[in-house]
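Chains here go by letter, A, B, C, D, E and F, matching the order in which they are written, and residues are numbered from 1 within each.
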Amino acid sequence: MSDSFFEPVSGFDLPRFAGVPTFMRLPHVPLDDPRLAEVQVGLIGTPWDSGTTNRPGPRHGPRQLRDMSTMIRAQNGATLVRPFEMVNCADLGDVAPNPADLMASMDRITAFYDEILAAGIVPLTGGGDHLCSLPILRALGRNTPLGMIHFDSHTDLFDSYFGGTKFTHGTPFRRAIEEGLLDPQKVIQIGIRGTAYDSEDRDFAAAVGVTIIPIEEFHARGPEDVMVQARELVGETPTYVSYDIDFVDPAFAPGTGTPEVGGPNSYQAMLVARLLKGVNIVGADLVEVSPPFDAAGGTAYLGVSIMFEMLCNIATNIAGK
Amino acid sequence: MSDSFFEPVSGFDLPRFAGVPTFMRLPHVPLDDPRLAEVQVGLIGTPWDSGTTNRPGPRHGPRQLRDMSTMIRAQNGATLVRPFEMVNCADLGDVAPNPADLMASMDRITAFYDEILAAGIVPLTGGGDHLCSLPILRALGRNTPLGMIHFDSHTDLFDSYFGGTKFTHGTPFRRAIEEGLLDPQKVIQIGIRGTAYDSEDRDFAAAVGVTIIPIEEFHARGPEDVMVQARELVGETPTYVSYDIDFVDPAFAPGTGTPEVGGPNSYQAMLVARLLKGVNIVGADLVEVSPPFDAAGGTAYLGVSIMFEMLCNIATNIAGK
Amino acid sequence: MSDSFFEPVSGFDLPRFAGVPTFMRLPHVPLDDPRLAEVQVGLIGTPWDSGTTNRPGPRHGPRQLRDMSTMIRAQNGATLVRPFEMVNCADLGDVAPNPADLMASMDRITAFYDEILAAGIVPLTGGGDHLCSLPILRALGRNTPLGMIHFDSHTDLFDSYFGGTKFTHGTPFRRAIEEGLLDPQKVIQIGIRGTAYDSEDRDFAAAVGVTIIPIEEFHARGPEDVMVQARELVGETPTYVSYDIDFVDPAFAPGTGTPEVGGPNSYQAMLVARLLKGVNIVGADLVEVSPPFDAAGGTAYLGVSIMFEMLCNIATNIAGK
Amino acid sequence: MSDSFFEPVSGFDLPRFAGVPTFMRLPHVPLDDPRLAEVQVGLIGTPWDSGTTNRPGPRHGPRQLRDMSTMIRAQNGATLVRPFEMVNCADLGDVAPNPADLMASMDRITAFYDEILAAGIVPLTGGGDHLCSLPILRALGRNTPLGMIHFDSHTDLFDSYFGGTKFTHGTPFRRAIEEGLLDPQKVIQIGIRGTAYDSEDRDFAAAVGVTIIPIEEFHARGPEDVMVQARELVGETPTYVSYDIDFVDPAFAPGTGTPEVGGPNSYQAMLVARLLKGVNIVGADLVEVSPPFDAAGGTAYLGVSIMFEMLCNIATNIAGK
Amino acid sequence: MSDSFFEPVSGFDLPRFAGVPTFMRLPHVPLDDPRLAEVQVGLIGTPWDSGTTNRPGPRHGPRQLRDMSTMIRAQNGATLVRPFEMVNCADLGDVAPNPADLMASMDRITAFYDEILAAGIVPLTGGGDHLCSLPILRALGRNTPLGMIHFDSHTDLFDSYFGGTKFTHGTPFRRAIEEGLLDPQKVIQIGIRGTAYDSEDRDFAAAVGVTIIPIEEFHARGPEDVMVQARELVGETPTYVSYDIDFVDPAFAPGTGTPEVGGPNSYQAMLVARLLKGVNIVGADLVEVSPPFDAAGGTAYLGVSIMFEMLCNIATNIAGK
Amino acid sequence: MSDSFFEPVSGFDLPRFAGVPTFMRLPHVPLDDPRLAEVQVGLIGTPWDSGTTNRPGPRHGPRQLRDMSTMIRAQNGATLVRPFEMVNCADLGDVAPNPADLMASMDRITAFYDEILAAGIVPLTGGGDHLCSLPILRALGRNTPLGMIHFDSHTDLFDSYFGGTKFTHGTPFRRAIEEGLLDPQKVIQIGIRGTAYDSEDRDFAAAVGVTIIPIEEFHARGPEDVMVQARELVGETPTYVSYDIDFVDPAFAPGTGTPEVGGPNSYQAMLVARLLKGVNIVGADLVEVSPPFDAAGGTAYLGVSIMFEMLCNIATNIAGK
């Protein structure tokens, strides 16, 4: 049971368009807040996009995700789960990046998550670009390599860009595997598609044992079947879930920097998150929402709808322990 | 056979971007027009959104629906029905609401529809928010409770909002059932989804016998199968069709105030309206199109495409009598 | 005094966002309407842009002008003139162009205006691109060359485009002068600016006696002083007023195909129309509003605000006779 | 001197696009917060637009104003005033309206401001539509009629709408004068323009002694001269400042429901607020920002820039006492 | 093997947002360039929309297609084909239309393609409206009637518009069949839907032997099965592929002038182009992308993604010979 | 006299919406092109925004500037200067940045400009954020400190950001003065305004002798008078012109990352560039155009209009030598 302090403001008390917009209308509990110790699931923004190699904007993602998240109510329409009554949730605020210093920003992110983990909080992150996942994994996977279920149109397993640049939003999981933060045998990447410069990423995946589900296979098998495989692959392993919004077709999620045509629809996009049920999630993110490319906010609204599905599964796990 | 006065202007005579935009380029026949008595199907706007609890805008719906409706031609592409040749159709104009007086506006709407019904006209309404359906039903269902086929992501069966407010766009069908305007045993709600504050609406539905088809069931069974059930449920009963555009996925219909992710696509959205064939439709509406959230008008264009499918079925009914 | 039939619907009776949108909420009186003979000032749309050499869209202008014109109320805020009480005004609908046949469309426009003139109506036109002015002038200036006060960033006095094409939106007034529809000594062009291919248009103007007020001179002298000159130039001559919305700076009027930076602001844009007071206006147009380049409609709203200023002067003239 | 708790987050510590967006990045201090008593200037949102008679949306104003306000830094560029160092400022959150009950919402607003006044806080409000000013004035002007400097394109002095409706955004100051909340002899309205149904509002103003500066006079005299008159008129009287964003020309502030062409530019818009220096401001508002009509947020950014100018003057007053 | 001169600029050398935007970052090789003779596949723009009967804009299509095409990389994600390494590809620039002279523009297009064909280049065109296909076919089909696989929501087989106009974007294939450029027995039209004025086009198709796959059939059978039929129909016949972007549902492709609700999704849209494998393609086009109706460019991005699928098949054909 | 190879494509030969968009429709002459040696004025893009501390996007600036620049014709409307006939102009393409390596990108920019200077070309740059000016100045000012006329709302003279970061778009001219690239006594900054964290930049300016014209002074004195001072200050000194588009009011130039309300209008924005006549310009830039914040492109169109004014002055200088 959660403490009522940690429940969202109801739309019946304060209409959903009103109020200071925190994630899902939860209380804002900064790291120095005395009640931090009571938080079980922390929603965090990583407003940073210095790893972006093409169209920028995800630094504005957390702000817009918070804004649209005030549309989310208390109960899951499909599963009837009521996560905010099950565990203490809070908006922990944003990590402060240095937009002009990539390496320093990664260190700041890792430090922030170290504090959260020390407090026993499961982090649910709204990005930022996909490079954000690397410094988060440096905190979460420091001691033991994690499994990962990864929804994306890109593998993000490239070695380098622009003649040797090692840290971009196309390389985080190559680095994470090299650094021992992820167990490649327990990593599955779902939805991969789009044109490529070459197959270097897929060759690496094959070499280290990462499982790739291309979009053609996803469409042929359907989300339920693919998610059975994903759950079986990670089993009981502590697992990170990384969800790049460009997994979804750009008609449903135009607000992203590197869209790839031909992805899942919004129902499938939510369903795969719902089908994470039972996975031992130690952290999750939803990244690459880029508000300048979708001022109307539909992408962010889909993003927070997915985050809510993740949250329901995380809360169910915690409450069931 | 219709009178040629009641046929739309052809795009070959006046291009579709030209002319004063009435619904489907039909003649504008106000209530005081001497030819009103000849009208069989009346297209009406209810530009009113005082029942909206979240993002406003449907008061602008009729204007944009009319604008986009000039894209509609004479013949249904799938069924080859030519409704304007079958029955006399006209644009009856808009009901005049009082945006600052909710109760008075409902009375004005009911009075308008009383006049139409007295003239023997079947009303096809472009909203307006969903509270518009209640004063319409007060005219149509005054003598006998109606059946209803209801497409929506929300049940609109809640009891009250904001601590006791009885009339919002989330409560019209609760009121309509309480007032005896609808026969709950003959009501089916299709597409229900999204987060909720609680299950109070579904509990009420279960208690009075309203049939709910959640979106998961809709996606699993498909539109054809669900519509067989809907047609069987209402049988020969005089039936109202209420179509909230937020039934459709927000990628296809972003211009609405309370979108819920994961709905049907546009093909399914039109198909369910086409599959109303044979239903004894005594009135229909298409509501919750909110132009400020879709300036490009794609939502309204889908909306009028759905209205045209409804119109084809209504005209077929009348012509077949 | 006007007949009450010809007065606009009041926003107190029907809110301004409601109703079938005619120009300024006036009655729609097509050419075959028996009450046409009573109309004194006719508002007409010419939804045609086949003369456009660059970015298209003005064919959609009349629709959007009508839509935004429902914001206009009964009384001029600056002069307190109430035109609808002074003369019978009506929306005469749109001329039907053939978008794929330029020459035929011009003939259709001229024929439409011939009918209007035969009925003794002063036409106030919403375009359409600037080539629309030529077929209108062929009706109005058939018997005697007219004076013209022309607001624009371009002279539209070029001889031909694309190697000999004589009829584009850059040539109407060259043709009109050649055809004897305008008296060049009584023509003044205000606001001319922007880059050019050459000075051929200005050389022609100088040769035939057209007065040009470049934007630098307009800004230096101010609108009042320039309009004194304009009024003096045309004196009592029957005069056409042609107002290209690209006269105004694109920050105030982005919705146009050939914007030129550095124009007047919106206050000046309305003021010059107000300062037409006393000019013997036999017809006027407001052209080149291109809705695809300003979906928000601010350009059209400015356009109809200018049309209302013109209308007040036309009505004052008629009422004073 | 302010307490550092009440200073905004610096953009050098947390970039301006990051963090939970409160007004000007100030601490969020709800009414039940123990530090409320220390607040000297409170920024408040009134997300309510039930008084809107035309295009809705200001209910979304406070959210977007907060969002754009994170662009504001610590020091006024023109006057070098640093308000946050001079007085304790805080974001007090939003009043909770009932969107479906106009009268109840007004009572809720008055009650909220009663609490603030009891705590000795000067309120600076971001609206909401202009009807919000009435319930605020019911708190501030309860004991003694206030002076008012009012920037707007409309007088908002009408008696009623839609056949007798007394409470709309076109009537607040008529009501406030009738209720004795304002001293009409100390009220000045600046920027009045646009079409009107009639002169009933101006006749009332003349009858009770309200001073009106039409836009023509404003443009002729210039902002400095007009503001000398405004300051002299109110003198030492406790004065409310009400700033409707539609005072500004719609090219600079498109995001509003009832724009009127031909207003001041953005420099003048800020200058008049700066020239409130020395006025005995007991409360101020910035209303009618309607995000659905300006998704890009330029209107809100101008709005908060004006609020910052007001704040500098309020802080200077308090610090000087 | 291609010559390296004809390979695209890599995003690793010059980021994809940088550089002068040619089609797919290929070298710009105008018709008078000495290396023209080496080109095997030429990408060409036909920026012309004079055949448009409703909403204009495709004249801007080639510009936006080029812009978005810089997102395309070297390798097909599904088939791993690397077309630029297989054949020499180049951007041949745009045909210069005369926007004010329809017949002259058609002649200019035919002349341009005559030159290309003389150089042995397979043309892949980005339109322009669908009338562009006719002058292209006049070059390609001059000697022998071609087969055609045609993706569209309209048949474009009408006889005339507006009382006798023979050349619009609704008539090109009627003309092409009449002129003997296409063998109707080898023509298949896929995706036909939407309202119509009458069945004249379908009657013509039936009379001459054109195969039509309505959208209902497409959705029922699925893209793979339909494409088997298409490939079998054309067999080894030299075949033109004409792809109107309005084949796709408007949620995925809003930027077009005559959208029809209920079409394929983006995955199917690309899949049908991929399934052209083995067809003897002598030329292909992607038409009716209208940037003014999709400023965000998602339609153009889908368009070039489809063009890339076509290109892969064309390159495979050539390389396999 | 220029060589005809270097003249823009005329809109009479190829309409302005057609063709591969180079700057002002000039030939694309990359650095390795044999005709580079003949170029006198080179237009260059620096698509890079890694120095941006707030809202990103200027990396997309050169693409959109090129697109809108195709609207520019051959002759200056105010001065009648025809620059392309006076000197050889060309589009030299874009510098290739590394978006993930700030220091390397600066080196790449400097190297590019070193090559251009070695070829005797005067560079006219379209940015890119304002940090781009620093590596350009490292090439231009290497041997002798330059004068600078700087239009901006910010001084860009700050020492560091985010606790010590020395290279951002807020610091380039501090660095340039420290590095001896600029002579601070010959630097004038015009239009400075907006809120600030402190006065550190102005204190530095005062200490080293930089002249600042705040916006209040600009509005009071007018552009002509201020430009007299600017021309006198730099005299015959080789001078760089740096023009940040946020100098202009955001209503005229919304597409920028750090807008400040209250700036000059578009006429003044062009006029100050025109009034650079006679200044010994050795290079110039127009920076901070951010397309994601102005998809309609009005900001970029104003930007290239300003660049054309600069180009006219540069060409006049060269031709006069």
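Throughout what follows, a residue touches a chain if its C-beta (ideal position, glycine included) is under 8 Å from a C-beta of that chain, and two chains touch if they have at least 3 such contacts.
Just so we're on the same page, UniProt names per chain: A, B, C, D, E, F = Guanidinobutyrase.
Just so it is clear, the structure is predicted and the values come from calculations on it, not from any experiment.
Counting hops only between chains that touch, chain D reaches chain E in a minimum of 2. Of all residue numbers that take part in the contact between chain C and chain D, under half occur on both sides, making this a different-residue interface.
Measuring from the averaged C-alpha position of chain A to that of chain D gives a distance of 40 Å. If each chain is reduced to the centroid of its CA atoms, chain B and chain F end up 55 Å from each other. For chain C, residues that reach two or more other chains under the stated contact definition are 15, 17, 53, 55, 59-60, 99, 161-163, 251, 265, 293, 296. Taken as a graph of touching chains, this assembly has some other topology, since it is neither a line, a ring, a star nor fully connected.
The chain pairs satisfying the stated touch condition come to A-B, A-D, A-E, A-F, B-C, B-D, B-E, C-D, C-E, C-F, D-F, E-F.
Those residues of chain D lying in contact with chain B across their complex are 49-53, 55-57, 59-60, 98-102, 161-163, 165, 167-168, 292-293. Note for the complex: chain C touches chain D at residues 10-12, 15-17, 71-78, 80, 251-252, 265-267, 269-271, 296, 298, 301-302, 305, 308.
Here chain E touches chain B in the complex through residues 53-55, 161-163, 192-199, 214-216, 219, 249-251, 254, 258-263, 265, 293-294, going by the rule given at the top.
By the touch criterion given at the top, residues 13-15, 17-22, 28, 45, 47, 59-60, 62-63, 66-67, 91, 93-94, 96-97, 99, 295-296 of chain E touch chain F in their complex.
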